[in-house]
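Two complexes, one shared chain (subunit A), two partners (subunit B, subunit C).
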Partner chain A sequence: MSIVLDQVTKHYAGLPVVNDVSLDIGDGEFFVLLGPSGSGKSTLLRAIAGLSGVDHGRIALHGRDVTHVAARKRGVGLVFQNYALFQHMTVADNIEFALRVRRMRAKARRERRRELLRLVALEGMDERLPAQLSGGQQQRVAVARALAHKPEVLLLDEPFGALDAKIREELRRTIRQVQRELGITTVLVTHDQEEAFAMADRIGIMHLGRLLEMGAPHELYSSPATRFVATFLGAANLFLARRTPDGIQIGATTVAAAERAGGERENEVVTVVRPEEVELAATRAALSSGYLASGTVDEVVFTGALERLRVRLEKHQEHTPLLSSGEADSTPTLQVTRTQHEQRGFEVRPGQQVAVGVRRVHVLPTPLSSFTACASSAARAEALTHQPLLAELVARMKTRIGTRIEPQLGLADAPCQGRDTFVGTTVISSGELCAQEAEWLLRRGARDLLALPPQAQVPHRVLIHWVGEAARSATLAISASVLRHVPAEAVYVGIVPGDAAGTGHGQGMRELLDARSEAQAAHGLDMRTELHYGEGERQLALRLAEAPGQMLILGVTALADFTTRFQALLQGPWPVLIVRRGRA
Partner chain B sequence: MAGADRAPGSRVSFRQPSILPGFGLTFGFTTVFLSTIVLLPLAALVLEATSMHWADFWHTVLSPRALGSYRLSFGASLLAASINLVFGFIIAWTLVRYEFPGRKLIDALIDMPFALPTAVSGIALTTVFAQNGWIGQYLEPLGIKVAYTWLGVTLALTLISMPFTVRAVQPALLEVQREMEEAAETLGAGRFYAFRRIILPTVLPALLTGFTLSFARAVGEYGSVIFIAGNLPMKTEITPLLIVIHLEQFDYRGAAALGLVMLVISFVMLLAINLIQAWGRRLQIRIAR
Partner chain C sequence: MAGIPITGSLVGDSSRPGQRTWANAIVRWLFICISLLFIAAVLLAPLATVFIMALSRGIEAYLHAFADPDTLAAIRLTLITAAVVVPVNTVFGLAAAWAIAKFEFRGKSVLITLIDLPLAISPVISGMIFVLLFGLHGWFGVWLQEHNLSIIFALPGIMLATMFVTFPYVARELIPLMQQLGNNEEEAAITLGAGGWMTFFRVTLPKVRWGLVYGMVLCNARAMGEFGAVSVVSGHIRGLTNTMPLHIEILYNEYNFVGAFAVASLLTLLAAVTLVIKTLVERTGYRRR
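After this line comes the complex of A and B, so read on.
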């Protein structure tokens, strides 16, 4: 492996900018770090280069641990967005800089310079000053300069950002060609997904300091695991759908679920429909794919090879709302792209009624689908939907928040008022009655329950704990999902009865390590671990009271565990997400 | 070019076509302003001095006392400007590169010598560096006398000309891209190497400007020096003071003659530095190698 990152973490002003990133990049691989601005990708690249230190974790280049090695001794070449050429030196002097530092002889220097200038197709430009070159030429010089000392790793920080489209494409080709010719391991940082697709052997997608997913470009595009990747890589329509024993029920149709049989009972899932997987026809009968709904064409834009449309779906199916199509508008519309061939088959104009079909549906493995604010009156439920943390989570997850009114919420033995099933995550407000309400809901089948104090904000640390093995994997999956949308530190709190000298210590440590490796392997979630001694509820309460801005994710299996031990935790000024799995 | 487009025979104009109107007005104002407050007084000075007889002129200008004062004035000014070159750079560097509590305050303090009446600076320095002053009393046993020697003169000139270097270098340092240094670092250069090859060449023109301004300011300084210099003829007497002495004796021509000499020497030195700057582009490249 050329580059190995192990749990690299970097904080800035107390917040993690790079959060527990682990990554292996192979020899000669072209790896692209893709993410929106502020996702931590540039910071990670600078950490690899040695220009900024890391607070935690390890960086190895070609098997050599360089975590504490100065940038100048790491043997990397770095290319900056703004070229960072030495303005007062000629092209030749710029390229030879690294060679002069290494006291190479003039003749050898000159030969190496020739070779490099040929490589980037700038022969004869030796005596020019950077100011006399175009942007594209300057960046070529910067690439040649970064390669002069034969680095083992080439790092490119948004190298095309300052160039116009045509030059950009040309330079892309040059860099890819040079990279192949030299077989040098390369990491490119960009926010441009087209660029990532065009150049990468493998893409890693960063968001809020975490490396969300990585894989070959086509894999990431066709089967993303998270909503963020689904909507960031190309356009995507997100739907809430139902997983039934027959398949995925979306709109009026049921599509066979290709991915993960999902042994669990019927539940709500989030699905991705790419714009090119949508089919339009005049009538339902004319569709060759499964019928989704009917709709009205809002907009048709001709873009050359493709036609882009927006279709407003009719609201008749309560269980398959369209969540998002990338843009943050109140009534999301379905995005559709059609090829020339499809256009010839069925021409549409704005305002036209069409039948909408779906060719392929991808189910996101995310365990959090939608939220339902539950309270005893409509006003309270409505107020709860405006709770800042909840509103933020809903916006970041691009999901939907519904309300559910249970006038007898919390009254023992009172029956449910609404449907007797609970879909997605149920949200209640923290407070005096919270413990009873939580118990009431859990008894009646709610599985994921979020108790929110009115003023709670986005946490910076999430504590994770569970009792009962049955809740373990679901708690980990939900924690991973929450932490993909919240730039917080994840801490698994293991609790051993007794004290440090007791017999439970070894067992406790083993559990910690198991939990950690499972979170890493199954969900790509890196978490810290802590071991506490004593009673679980008491230790958790102490830990939560230590600092503001913490949240607890608590997995329980037996209801009795919750009612006898953890109920009191709901009284505190911190959000608690209860995950209940296993035998009812 | 607008001129080339015109029909032959039309009036040739050196006016550059520009979107901004008002060239005539501003250029006229510039000429009048410069003439009234710079060129005319200088011409008067030259006129006054040239109305002397040659013999008188040379006698005044080359008298041992005058020669001694030139040496002190220009020598101390050069020394002060050189000191500021080094320490002004360090101050500017500290202010630009580091974030520390009180940075804004120190930044504001730099301009104090601008605002303070120079006589006040002189008195303050004398208080501190006199034989029984705060610092002077410790230097005395070491055999170092500051007040009433050329050292004191240099000190005063350094103080009052320091802001010029700092303020000239600061913007240039701000402009040195951090990324350029980082690039040098990834290419294997150590701190000192990067400083010498990258930072220094980039700020060199600004440093020279700062040096020039400091020097020019120091040569013309009068107020602060007369308090700390002691004004012993031939030893600690600066040329501006000698001019004032001539004036007090109503010897306007003598004063004008000395003034003319200062004018010429200053002009030649400033011209030389400006030439070096013009040649600086190439110098920069050479230093970078």
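After this line comes the complex of A and C, so read on.
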């Protein structure tokens, strides 16, 4: 491995800018770090270069731990967005700078310089000053300069940002060619997904300081694991759908799901429909794919090879709302792109009624679909939907929030008002009766339950713990999903009964290490681990009371004594997400 | 104007872009003339007077004025002071600008305010501060006397006072420049393997050199011309602690007009040389950027 990052974390003003990033980049690989501005990608690149330190974690280059090695001794080449050429030096002096630092002989320097200028196709420009070159030429010089000392790793920080489209394309090709010719491991940082697709062997997508997903460009595009990646990498329509034994039920149609169908019982899922996978036709019968709904064309934009449309869907079925089409609008419209060929087959004008079909549906593996605020009265449920943390989560997850009124919530033996099925995550408010209400809901089939204190904000630290092994995997999956939307530190709290000298020590340690490796391997979630001694619920309450801004994700299996055991935990001023899986 | 041009009116004509109308021309010449007249009255006339008065008794008398040992001593003192003050302030200015532009630290805004302080304080007060500190009745006065050291009414005092009033110039010139240019070139140099000193001398210094020279020129101009602060600490000892500006005043008060204006003309010439250097620097620097 050329570059190995292990749990790299960097804080700025108390907030994690880079949050537990682990990453292996192979020899000669072209890796692209893609993310919106402020996602921490540049900070991570600077950390690899050694220009900024890290607060936690390790960085290794070619098997050498460089976490505490000065930037000048790391042997990396760095190219900046604004070129950062030495303005007072000629092209030749710029390129030879690193060689002069290393006291190379004049003749050898000249030869190396010639070679580099040939590589970036700038022969004969030796005596020019940077100011006499165009932007594209300056960036070529910068690349040549960064490669002069034969670094093991080339780092490019938005190198095309300041260039216009045509030059950009040309320089992209040059850089890719140089990279292939030298076989040098390269990391490029960009916010431009087209650039990432065009250049990368592998893309890593960063958001809120976390490395959300990585993979080959086509893999990430066709089967993203998170909402963010689905909507950031190209356009995407997000739908809530139902997973049934027959497949994915979306709108009026059921699509066979390629993804793991069996095992799980019927539940709500989030699906991605790419704009090019949508088919439009005059009538339902004319569709060659599964019918989703009918709609009205809102907008048609001609963009050359493709036509972009927006279609407003008619409210068709309860369970298949369109969540988002990647843009922040109150009533999301379906995004559609059609090729010239499709346009010729069926011409469309704004205002026209169309039948909408879907060719392919991708199910996100996220366990969090939608939220339902549950209370004993409509007013309370309504108030709960405005809770700041919930509103923030709903906005970040681009999902929807419903209400459910249970007048007899918490009363023993009272049946459910609504149907017994619970969809998505049920939300209740914290308080004295909370544990009772939680048990009531869990006993009646609720699986994921979020207890929210009225004023709780987005946490900066999430504690993860489960009681009963059956809940482990689901708890980790949900934690990973929550932490993709919240810039918080994840901490697994292992609790060993008794004191430090107790017998459970080895067992506790093993559980803790297993948890960490499963979180990393199955969910891409890097978390810290803490080990405490004592009684489980008490220890958790103590940890939560230590500092504000914490949240607990708690996995449970058995419901015996639930109310008495978790009474204290569910009363505090911290949010608790209860995940119940398995039968005791 | 609802899209209809009001033909013939001054407003309508002069506000039409790209058109040379008579109103346009009048306005242009009016402003140029006002500026020129003002400069002539306030700047050129007094400057001309200096040279006319200096040469009023002929070139012989003019040159004779410089033969006076006290005058020569004043010139020497001024040059020595400038020669010490300018380099010291250059080093200080570089260090302060570097610290402010490149690092985040507590008390940064206080440092920026303190650098500007001498510009805000009357020069007389600036001199007084040193008298209060090092004068006979000052805080360190007794200790200095015991050790037979003299600061006030001697060369060190003059240098200190001059340093005080001129130290903002280099720093103020460099801070915005360094902030604007950013750190990327230095970071590039570091990733290429350069150490701290090498980065400073090969990258940072060349990068800010025009700003630095400009700041030094301004600093030098003020150092040679400073009157108020130096007047307070010098003690006006002829041939010993009189700088050129002080000496000019003395000669003038003695009705030695030729002598006074001769020295004044020299000081003016030095200022003119400084200004020429400054202009050259500005032009070269501008072309380079």
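Keep this in mind: the second predicted complex is superposed on the first by the 580 of 584 C-alpha atoms of A that agree within 3 Å, B and C clash if a C-alpha of one lies under 4 Å from a C-alpha of the other, contacts with A are read in each partner's own complex, and residues count from 1 in each chain.
As a working rule, contacts are C-beta pairs under 8 Å (C-beta built on N, C-alpha and C of every residue); 3 or more make two chains touch, one makes a residue touch a chain.
Computed from a predicted structure; not experimentally measured.
Aligning the two structures on subunit A places subunit B and subunit C in a clash. Using the contact criterion defined above for the overlaid structures, shared-chain residue A:Ala131 touches subunit C, although it does not reach subunit B.
Contact with neither subunit B nor subunit C is seen for A:Glu342 once the two complexes are overlaid on the shared chain. With both structures placed on the common chain, the touch criterion links A:Glu518 to neither subunit B nor subunit C.
Once the two complexes are laid over each other on the shared chain, residue contacts for A:Thr90 go to subunit B alone; subunit C is not touched. The interface of subunit A with subunit B overlaps its interface with subunit C at residues 49-51, 71-74, 76-78, 80, 82, 84-89, 97-98, 101-102, 142, 145-146, 148-149. Taken together, the subunit A residues at the contact with subunit C in this complex read 49-51, 71-74, 76-78, 80, 82, 84-89, 97-98, 101-102, 131, 142, 145-146, 148-149. Those residues of subunit A that touch subunit B in the complex are listed here as 49-51, 70-74, 76-78, 80, 82, 84-90, 93, 97-98, 100-102, 142, 145-146, 148-149. Listing the residues of subunit C that touch subunit A in their complex gives 182, 184-185, 187-195, 198, 202-203, 206-207, 209, 288-289. By the touch rule above, subunit B contacts subunit A in their complex via residues 177, 179-180, 182-190, 193, 197-198, 201-202, 284-285, 288-289.
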